[in-house]
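In what follows, subunit A forms one complex with subunit B and a second complex with subunit C.
Showing the complex of A and B:
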């Protein structure tokens, strides 16, 4: 059999992303689990705070992103469980696939999943908390995209680190939660502005903070990931 | 920290007329406090095939994983076709195929999809066609659309060897290739190994079926507690 020329970073990333999406499509295990978990979290917040609709409406952005953050822990952990079964990660490494492509594909796949989750949660949040999208769906889409990317970039690195640990289910949130506080705060504030109006034009500042967080952590993940999975 | 490596009596290197396919220079590998390999020195001439023998835990699998670059040595140097397995890891990975105890197969993908994923990573222009050809060759043509999760151990082994053939390696590392196969499967595997050898591939075969291995390999290396000893 003739051996073709090695492929570049972009093609390798797309090939691996396609594989991850195909596995997700065939099983739908991750999406089902995180959707029901996030829905339950939103419901629990509304039950815990009682019938005070003003309080729910005021804090809806925060509850929305907490539900996504808690669900992301399940999604991130599961994305590497697939690779540890039958040592598939070794199979991909030895193919050989560029470790940076493995990182990009995993992080993009996780971000796509979180965007899909956020999209599904939105109508539920509107119904449960009685909120309206004031500044427009484009703004909300930007917040959702940047927030999901911001959770996914460091989350993928930490999911890879914790995937071989015995207490991985505990380790991942312990590592991830403190690190994503700036992203969580920015995404929650920006979402609140989208839902309640932005008379002081603060939205762009929060989006800028999210963008900066993304640039730093996607860069760090891209550079560090090869060492994480090889060493 | 200074690492003290247990002394050993390495076997004499065979005289080499060409660059060796595989050269081990004082190679050691430690897991925790246990030395899986201890100062192993050996060279396999190009075009020859090697039978690796030894009891369970003697270091055969560790040696194969070092050559495949799935692991790095604790000390010493591994050279594959003249390339340093640590410094030129990706080059070595392109030249080497590993049939391991772990199958490297995604349970939720079909047999064909598993091969297509690898074919895309390797840059094959028509991944579906090459996957179908290989599945037919290993006797899985009629099961190509079945998920690996429903496969028997023998079928997984056949699919794993198809995965190895897809890489068209110059060195094939086969760890217990006859395990889990029925008599027809063993016969097929012997045929595949003979074909690989006929096409110039260097085969390194680790098996407990010594007599079967001796009919396929010209060289033999017997390991005991991570050291090379006379068989």
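Showing the complex of A and C:
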């Protein structure tokens, strides 16, 4: 008897992540959709507030994260919709791998997508709202990375739930929005500090809050996710 | 016992609540600064306390549901009833709070941590109850809503903390008021009265939820001669 050894958590995660990224790369449907959606959202904010550039520049951090949040709802929902075709989720679950690897790969994939989205939105913000990156791109990269991870950790759990429920398009934002308020608050605040300067040195405390939010929800999602997809 | 719960509990609750409100409205002195407006405290504060108790019960039921290996409809029904009762009491508590806030602070609403966390709590549990309506499979509904309840409950302290931080960069939070001993008695009596009514609501709603669950589980394989035993069997198998 030569039983194959079960795949470790890390290797399974990477294999699944590679599969998801490959699907994404071959179609690029999700990234295209959310980029144009987020661009339209940013544009709409300028129309809703009138052509006051100073006002737009002042609130740019908040608009940036709202655009990412709205786009993330689309991306998260889609990330499980691809699995519902041909019952792909059952196939993935049948593999002799840890179910938590599915969570990690999906959540990491969603976070990567949001980081890519944020990177593409930044030049648009510079053009539309006239913002300047005052404290440096390293700070901005940290905020973007931590904020994307914070949106995708609870978002992936809720997307897995709502993709199997009725009225999933209503359900996901209804569940997700109240939950990510602390993340949205600290990410928007930190982005505003990066864009307008940080004389009081508050940036690190907001980044700390984002980090704590991430630790809690990545942990809880990691623990609870296998219960969600079991049959 | 059944009759006691059905009639004794609500009647006793209403009686004690009436006594508490009478004490609060007629016997307790008016507040030195707020005057008679303060008397809404005897309605508002017990509502908020009981909402917290119900939400805590929901959290405990959700955690125990997930910790147990096999599905327990009793825990699921407890969680559902607690969320519904808690949402009702919390909404009433928030409305009475806003009514008090207008003459006292000059506004119905302020972005203070407690108010903000409560608003987010109400939205969270609305989402929880909506999710329960949108999932047909009772097993999945129970598991998923338990996950949502846990994630939502964990969120509330984080919200409280982050909003306090967010606000503290702008202005100082108003300090809690010290309470006169002659106001404590009516508050306690009202709270006990409302507690009895809350327990009555919870038990009634729990029985309804449990009956619904058992009907849902029993329907597919209900046999005419032994439907009673099928219910208990299906309950164990599921």
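In this text, the second predicted complex is superposed on the first by the 227 of 231 C-alpha atoms of A that agree within 3 Å, B and C clash if a C-alpha of one lies under 4 Å from a C-alpha of the other, contacts with A are read in each partner's own complex, and residues count from 1 in each chain.
To be clear about the criterion, a residue touches a chain if its C-beta (ideal position, glycine included) is under 8 Å from a C-beta of that chain, and two chains touch if they have at least 3 such contacts.
What you are looking at is a predicted structure, and each value in this text was computed from that prediction instead of being measured.
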In the overlay, answer first, second, both or neither for which of subunit B and subunit C A:185 touches.
second
Is A:227 touching anything from subunit B or subunit C once the two structures are fitted on A? First, second, both or neither.
second
I'd like to know which partner A:32 touches here: subunit B for first, subunit C for second, both or neither.
neither
Which of the two partners, first being subunit B and second being subunit C, lies in contact with A:119: first, second, both, or neither?
neither
State whether A:87 touches subunit B only (first), subunit C only (second), both chains, or neither.
first
Could you give the residue numbers on subunit A that contact subunit B in one complex and subunit C in the other?
230
Applying the document's contact rule, which stretches of subunit A touch subunit C when the two form their complex?
154, 157-158, 161-162, 164-167, 170-171, 174-175, 177-179, 181-182, 185-186, 189, 202, 205, 209, 212-213, 216-217, 220, 224, 227-228, 230
Please output the residues of subunit C touching subunit A within their complex, sorted ascending.
66, 120, 123-124, 126-127, 130-131, 134-136, 140, 143-144, 147-148, 150-152, 154-155, 158-159, 161-163, 165-166, 169
Residue numbers of subunit B touching subunit A in their complex, please.
68-70, 72, 89-90, 93-94, 96, 98, 100, 102-109, 113, 117-118, 120-125, 130, 147, 163, 165-168
Residues on subunit A engaged by subunit B in the complex (per definition of touch)
1-7, 11-12, 15-16, 18-19, 22-23, 26-27, 82, 85-88, 90-97, 230-231
